[in-house]
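Following are the structures in question.
Both complexes below contain chain A, partnered by chain B and then by chain C.
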Partner chain A sequence: MQNSAFFHFLTLLLFKQRSKHIGAVLISVIIIFLLSSVLFISSSLQYSLMDTLEGEADFSVSRIQAGKAVNTPVEWMEKIMEINGISGLTSRVYGRYFFAPRERSFLIVGVDLFDEQNSRQMQKLAERLDLKAFLSEESMLVGEGVKKFLEKHYYKSYFTFKTPQGRFKKVKIVQMLPSQANLVANDIIIMPIDLAREIFGISEDEVTNITFNVPNDAEWDNIVAKLHLLFYDVRVVEKREIKKAYENLYNYKGGLFLILYLVTIVTFILILYQRYSMVYSTERKEIGILRAVGWSIREILKLKFYENLIIVLVSFLLGVVFAYLYVFIWDAPLLSRIFLGGANLSNHVEFVPVVKFGLLGSIFLFYAVPFLAAVLIPAWKIAVTPPKEAML
Partner chain B sequence: MIKPFLGWVAALLLCVGGVAVHYLAQGKHAQEEVRQVVRVTGLPVPSLSVAYYEPRVLFYENAANPAYPQMQIINRMDLVYAK
Partner chain C sequence: MVILEKVSKVYNEGTTQAFEALKEIDLHIAGGETVVLSGVSGSGKSTLLSLIAALDKPSSGKIEVGGELISKLPDIHASAYRAKRIGIIFQHFNLLEALNVEENVIVPLINSGLKTEEIRQKAAKSMEMAAISHKASQQVNALSGGEKQRCAIARALVHDPELILCDEPTANLDRANSLKFIEILRSLHHMGKTVVVATHDPLFEGLPFVDRVIHMEDGRIVEPAGAAPSADLTEES
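For the complex of A and B:
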């Protein structure tokens, strides 16, 4: 019964003084919203990329000249094949095509469609794609970003590429890649490998790089050593390196925001502390009156604790809910550009909902503990002074 | 507790519940399309909207700002994290 009266008084006080709390709630919601949004985006991107990495080959080999990756000779494949323990040896042809008039670039990927597995995967990717018709004339599949860009520049069904020899190559746009795959496919153009070679001027005995798998993990270091003995101008990229780099890639950007968050939260807590410890604040009078009517210090601290705990909980939940809606329902307009860039084609990515509860718990602690301390310490200081002095 | 407070708490819990239901129901089906594109291209790299002189295919390209060749691009994490 006593408790019920206490909570009735507490909620009544919260509602009566809502204009006093609204500022603190608003600032808290904004801070929590921004930080949670950033963390939601980074964890979603990390999840998606890590997931796709499972399909990536264990090793990628390319030729290096003057510190830069150059076209790799196809004959390297035969030499690599001789190394024991290697499987799934394949070559890739890809590169960026620069559209000079608008200073935009596309990533062209050449796919060997005469390879049974590739053609099966293509069929799965592009529904209703008639592979025979696709191969009968020079055609391509384009990502959503490319499609929109080309349409905007009146290339509705065809695009004309310029080869390094100065010839023009008219290629038909057959289909758009699914927009759900924009995370990896927004600026991609998929076309038959021979056409890609022609556009980039890559000869038949060259590829962009060579990839392969080594099923036995224990052999990985050994394979790298063998590759370096075989070729002196080689660059080997391992899947585990990429995995580690992906883990750090978005943590880094998330980390920048975490620092900003800490700076903001410290400033906010200082303002809060200042407000509550002001000599003539209404808080002093309120605590003084409660003391004068017989409330103990413990009861006053309990009241202040619960009052601010409700504010903290409401602000935190609102901030997280808004961040969730912003990232996973509205696909984080503006903020996603920080992570995916905005210098080339605009990219609209649908983020896969990934919530790291441990991280949210840490944010809550980093926010709630200083907030409560900033309110309770001045409240305690006032409560221990005689009521008469407190109300002066 | 006063009634308006209970009303606000109920509204807040409804929002949190809605988000929880969306999170559990949504699943990760959008991810299948991404996987399928990667199976065809073999390139599991994010489609970063970067300028032409910046690396688009991470870890496979060596590119630097032509104006400041010594300066590493922010997307390359070598400057912060050792590989």
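For the complex of A and C:
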């Protein structure tokens, strides 16, 4: 009963004084929107990358000479196969093809389509791919970024590569990879392994690297040690290192935004505090009047608390909803560029909706607590002032 | 009803700017009396009303209202005392500008524990008494001075207080509205309310329903006058 009259008065006051709160709401919504957008983008990219990495081999082995990666001998595969605990041994041929006129590059990945696993992965990546047609003439699959780039330079259905021997190789563009894969496949060209060898000038007894899985992760360190014993010039890259590198990258970018957020929110809170502390503010007089007609300090603080809690909740919800729409429906037009970095080719990524409620909760606390403190502390100071002084 | 014994109030006590606003005031006001505190600005009238309303605390002395010692009440009790027993009408009306008349009138009852409908009914009765019902949904910032004063009166009466304190109630009103206000005071007197008016408006001198006029000067009671003379100042045609 009492609460009903109180909350009725509270909503009445909020409605009647909405113009007083509009500034704080707008700024809050913008801050929460930006921070939530960053959170959503970061989480989605991390999720997509980790999901992609899950399909990758546990280990990648290549040869280095004078600190530089060089082609890896195929004969290494026989020796690696002898190590216990290894499965799914595969070789890969890939590299960067440089398009000189525009100083852009494509990542060419050669795939052995007679390998069952590769064939299955290809079917997954390129829906409705007619493998027979793909193999009947020299063809390639291209990522969306590659397709758009080539079309812009008038290569609509084929592209002519120049081999290291100075020969030209015309390759047909069969299909574009799905745009959902743009995060990893935007600048990729997939072609048969022999074609890739020809374009890069890699002989049949060499590959770019060798990959394999080690199901028992307790054995991983052992496997690395054995590889170093087998080959003096080996470079071993573990999937977990790549995962960590990506996590660090996104943590770093997220950390930058967190610092920006902290600076912005501190500034905002100081402005809010100043506003509510103003000697001749209407809040001061309002509190004085309430005190004079019989409201206690506790009742006034309760009013101010709920009044501003509603503002905080509304602002937070609006900010998060706008951020969700911006990132997951409209694909974050400007902000995504910051996270995707200085892309080689322009990339349009569709973000997978990933919402980490724990982090959202943290954002809420980091925003709501300072906001309420900035309002309630001055309100309390005014409320403990003799009402006569407050009403002046 | 109201007993003040040796009440003093010093502002900025203990500093070089200490100012003694009230000096050992002794005053008894019986229930149902209408008392006028008269005196020039700075004589201590408003300070005395503030102390009776528990808006401030005396530096020394004792104040009792209706048997309750209010001079040293903690805030929560002082607020409850004002909310239940006191109605205050201020010189500058002190209304909440964002709200309309009815919304201002119900403010003292928000935390009373009453249902919304009961609060509305009390507000309607109070506005009728103050002759401001016809402006119930009007924003207070669109009211005239006299209407604002009547809104303030309605607010002061909504919780049916036993003691009504008026601080310079006609200072911002023209003569016509001042006379209207005096009529309302007359009604309150006939209802048996205890009314204390702090004013230097000469209109309050000689009112028949005023039981006493107490003159204050320099923080002291100079002359606790007797019953008012027979002149009847109603609204002049």
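To be clear about the criterion, the second predicted complex is superposed on the first by the 383 of 392 C-alpha atoms of A that agree within 3 Å, B and C clash if a C-alpha of one lies under 4 Å from a C-alpha of the other, contacts with A are read in each partner's own complex, and residues count from 1 in each chain.
Quick note on the criterion: a residue touches a chain if its C-beta (ideal position, glycine included) is under 8 Å from a C-beta of that chain, and two chains touch if they have at least 3 such contacts.
Note that the coordinates shown come from a computational prediction; the quantities given were computed from them, not determined experimentally.
Once chain A of both complexes is superposed, is A:S105 in touch with chain B (first), chain C (second), both, or neither?
A:S105 sits against chain B, while chain C stays out of touch.
Is A:N248 contacted by the first partner chain B, the second partner chain C, both or neither?
Touch partner of A:N248: chain B, not chain C.
Comparing chain B against chain C, which has contacts with more of the residues in chain A?
After superposing on chain A, more of chain A is contacted by B.
Just to be sure I read the superposition right, which of the two partners does A:I297 touch: chain B = first, chain C = second, or both, or neither?
The answer is second: A:I297 touches chain C but not chain B.
Considering only touches as defined above, state whether A:L12 meets chain B (first), chain C (second), both or neither.
both
Should A:S87 be classified as contacting the first partner (chain B), the second (chain C), both, or neither?
neither
Applying the document's definition of touch, where does A:D187 land relative to chain B and chain C: first, second, both, or neither?
After superposition on chain A, A:D187 lies in contact with chain B alone.
Taking the superposition on A as described, I'd like to know which of chain B and chain C A:T267 touches: first, second, both or neither.
A:T267 contacts neither chain B nor chain C.
A:E286 contacts which: chain B (first), chain C (second), both, neither?
second
Could you give the residue numbers on chain A that contact chain B in one complex and chain C in the other?
After superposing on chain A, chain A residues 8, 12 contact both chain B and chain C.
Which residues, counting only chain A, touch chain B once they are in their complex?
Per the touch definition, chain A meets chain B at residues 7-8, 11-12, 14-15, 45, 48-49, 51-53, 55-57, 60, 62, 67-69, 90, 92, 94, 96, 98, 103, 105, 107, 109, 111, 118, 121-122, 124-125, 143, 145, 177-178, 180-188, 190, 209, 211, 237, 241-242, 244-245, 248-249, 252, 314, 317-318, 320-321, 324-325, 328-329, 337, 340-347, 350, 352-353, 355.
Which chain A residues qualify as touching chain C in the complex?
That would be residues 1-2, 4-6, 8-9, 12-13, 16-17, 282, 285-286, 288-299, 384, 386-388, 391 of chain A.
Would you pull the chain B residues touching chain A in the complex into a rising list?
1-2, 4-5, 8, 12, 15-16, 19, 22-23, 26, 28, 30-31, 33-52, 54, 56-62, 75, 77, 80-81, 83
Quick one: which bits of chain C touch chain A in the complex? Just the residue numbers, please.
For this pair, the touching residues of chain C are 50, 53, 55-56, 75-76, 79-84, 86, 88, 90, 92, 94-99, 103, 106-116, 119, 155, 159.
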